[in-house]
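In the two complexes below, chain A is the common chain; its partner is chain B in one and chain C in the other.
Right after this comes the complex of A and B.
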């Protein structure tokens, strides 16, 4: 009886190890196939030349590919999204984590915000295409309403839930006795937020936005539908362009040979970029967690 | 006759009750006069309402929903319920159970936190003066004058608590409310805080909530004994400790419960 349960326990442990090993294998396999797949492009153009030039010429015989336009497109849309999301996510975080902390209305608002995160990307894309784009168009921003700004705006809505709920948690972590200390000296609520909660939660909030940025970088579907899909370096917010994810989504179907390898190389670069951004966010968050 | 040494009233409780749950008073109908330049200790077993009473004075209960305070509390004759709560809290400084210096501020800025929080602008020379005099008052100047720009949280627990006292007195309050200020400290740091309280009562009036009967006996001039939300006995400390009138006070002081 006893020994049987010990054996079961051992088997269960082994199973867990197998599952863990499998995940690591899958990740390693993905990195491997990305690296080998992009080998063609990198060996033809060189890593730095591929990364920092903006040509995208699929004409047979004079094929030439570079990632720069798409890297810029990705960074531009993501930072526009990040900037636009702050004025919405910070108030939500303050509402749920500070002013109405622990109340029903705060948890309702939190749930509604989290619901935004559950809406599929394609639905955002549709909304952006049929509702937002005509508005942008009527304002005369961007060609037919497509472009960096339109894509960035929809991206901003998509990352609000991540930024808001994470930074709300950091507001919640600010110890009550510090806030009471400030109140006991005659501070108003706003003064407590400004001088105590924001400085205390600041690093964590920063990390929340870094992680939100990480999500924006790789977001594909909605962006592909709204950015206009042109291959040059975008010249401004109203310009059309492509992100690394959207060019892959647009062109992988009919690509082969050097072009396919270039697209895979773009995928590898995107993977590295998001991995680095996420790593930075997580490192900051870990440091904050240790302090609290 | 008995009130010869301590005469003026700084704070007056008139029918003060506090309840967390409607219909049930955690603090029930307190009436008492707190004397100026005296240390008044509030004693009693856990849950007797002593901290609750203290926090009614600077209207801290208003920060939380569902707590009601009734009655009147007069600070130097003025009803604090009629004042703006921020103003009340500037006049009644508070020191908490756990030292809570602001971790994002330096020692220097912690002392000036009350001014910064209230948006009061000071000249550099005024700031330096306030910081030095307040830190001298709490006996911390010599220990920290070389590290004024370091974070307040690098100090030891006892030093942090003295920093919090400096922060409270920097606003020149009428009264200093201490909520078990030594319960998180070791005996040496506790002794320093007690000596400090004895010094500070020359300038301020102090109300101290304490779990520690010996502490009340050592430093207080007047003692309140609370039990189940009621003020059972309020008397000069010497008299209460030698000749308590109420059986419950006697039992508590003898360690029968607590």
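Right after this comes the complex of A and C.
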């Protein structure tokens, strides 16, 4: 009897091992094919020249590609989205995870926020195109309403559910006895949030925003419809531009040769960028965790 | 995503080709792959043919480049492309290939100006708009050829395709022919280096952006534009007339001198009454149909289908989905090309009940 369960345990362990190995294998495979695919571009232009120049000329004979304008476009839209999403997602998280924790209205709000994540990005794109863009245009923020700001705003709405529901969960995880202790010493609700909940849940909340940022970095469809798709360095929030994911989605279909390789190289850089941002996120989380 | 779809399609096409030669299923099906431009027409035509002839036709809309690759890999019965193969590309194919034009289309220059109907433009003016030399609609050069029309003092927003596209290729081919400045600064290709304006994905993207942006101008495939409520300009052709794109003026662009193998660009046509930014789309097949263990029946089916596509029934279908039919002389040319197709070096006989 006992030996049978030990065998079962062993089998389970093996299964877990295989599953974990599979994930590593898939990631390694992706990195491998991205690296080999981008070899043509990097050997022609050099890694640093490709990454830090902004040329994008697909005309046969004078082909020249650089990633800088797309890297800047990606970072700008994503951080604009992150900034714009905080004032919406933090109150939602506090509402569902702290002030109205466990009530029906909180679970209703939570469900509605989660629902936002289920809306296809093309729907966000169309909404941005037909509704938001004319508003941006009438406010005088950009000539045609296309640009970093419009794309960033729609992205912000798209990442709210990721930031809000996760950070709400972290608020819920704050131990009740700590909060009760504070209340017993005469703290108000706001003081409890400021001095107990926020510091305790801080790392988790930060992690959820890093996750949301990762989502914003890779978003393609809605961005393509709103950013203007101009292949130059954007010079401000109202200027048009392009992101790495968007140029890949746009150009991959009919690309070949050096251009195809350059697009794959962009994919590799996007992969690296996401990895670096996640890494920075982890490092900051570690620091904060030590403080608390 | 697109690659996944493409790979799946190629795999599907490969599967159907792999099953060739063993049994009757293969003898009753044909597989093709290629450009997205003719898809609405091919869908309609193949469906019509399928019903009458009990042959299953699958068409993978994977882009012209993909269609040529699939034919090169011999995984399809026919490839389809909006661009003909250059001599170098022809030499790169494993066996001689023939081109059969199937229908015609055009690129229209759409604009969004309230109360301005029947705008006239020339290639030079369009070039200078895209190069940023003409920035307002009431520019003297536009006003000069649009006498009687009040042009607003509005900024021009040029719109172009953000994705690689045959539409861009045909448009830029015409522009390079008529404007040396365009040729130097922008050139010709499926995707280009633009300096002014904004970009949108696909015909629907450009059409949407133009119709939502006052003062915008953009180029759109005629098969899409004709189905939309959108204004497009008359363009000055080589004969000096301002021609509005319609099915008749597009078809006219293909009359006149044509090479026997139909491989030519018909932009900037010299013919009177021809719309200058018109194009063919082709089906490509191997001249020798015996490859990959294909049966005589399969070869016969392929040729019969293409012969039918050149017949009056199929050509009449083009207009239903906003494509222009081929002029008679092009059809005669294409039929001559088709008669060169062989199976084991013998001419292929198709049933006489097919349209000639």
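Here, the second predicted complex is superposed on the first by the 246 of 292 C-alpha atoms of A that agree within 3 Å, B and C clash if a C-alpha of one lies under 4 Å from a C-alpha of the other, contacts with A are read in each partner's own complex, and residues count from 1 in each chain.
Operating definition for what follows: a contact is a pair of C-beta atoms (placed from the backbone, for glycine too) under 8 Å apart; a residue touches a chain by one contact, two chains touch by 3 or more.
Since the model is a prediction, treat every value here as computed from it, not as a measurement.
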Clash or fit, chain B versus chain C on superposed chain A = fit
Query = More chain A residues touched by chain B or by chain C?
reply = C
Inquiry  = Touch test for A:33: chain B only (first), chain C only (second), both, or neither?
reply    = neither
Task = Name the contact category of A:180: first (chain B only), second (chain C only), both, or neither.
result = first
Ask   = When the two structures are overlaid on chain A, which partner does A:250 contact: first (chain B), second (chain C), both, or neither?
value = second
Query = First (chain B), second (chain C), both or neither: which does A:14 touch?
reply = neither
Task = Go through the superposed model and pick first if A:144 touches only chain B, second if only chain C, both, or neither.
result = second
Inquiry  = Touch test for A:191: chain B only (first), chain C only (second), both, or neither?
reply    = first
Request  = In the overlaid three-chain picture, find the nearest pair of C-alpha atoms across chain B and chain C and give that distance in Å.
outcome  = 47
Query = Which chain A residues contact chain B in one complex and chain C in the other?
reply = none
Remark   = chain A partner, complex, touching residues on chain B are 58, 60, 63, 86-90, 93-94, 96, 98, 100, 102-104, 113-114, 116-119, 164, 167-168, 171
Note = In the complex, chain C touches chain A at residues 1-3, 63-65, 155, 157, 162-165, 186-187, 189-194, 197-201, 205, 208, 212-213, 216
Request  = Give every residue of chain A touching chain B within the complex, in rising order.
outcome  = 175, 177-178, 180-188, 191-192, 195-196, 199-200
Ask   = Which residues of chain A touch chain C in the complex?
value = 56-60, 129-130, 133-134, 143-144, 146, 224-225, 228-231, 240, 242, 246, 249-256, 259
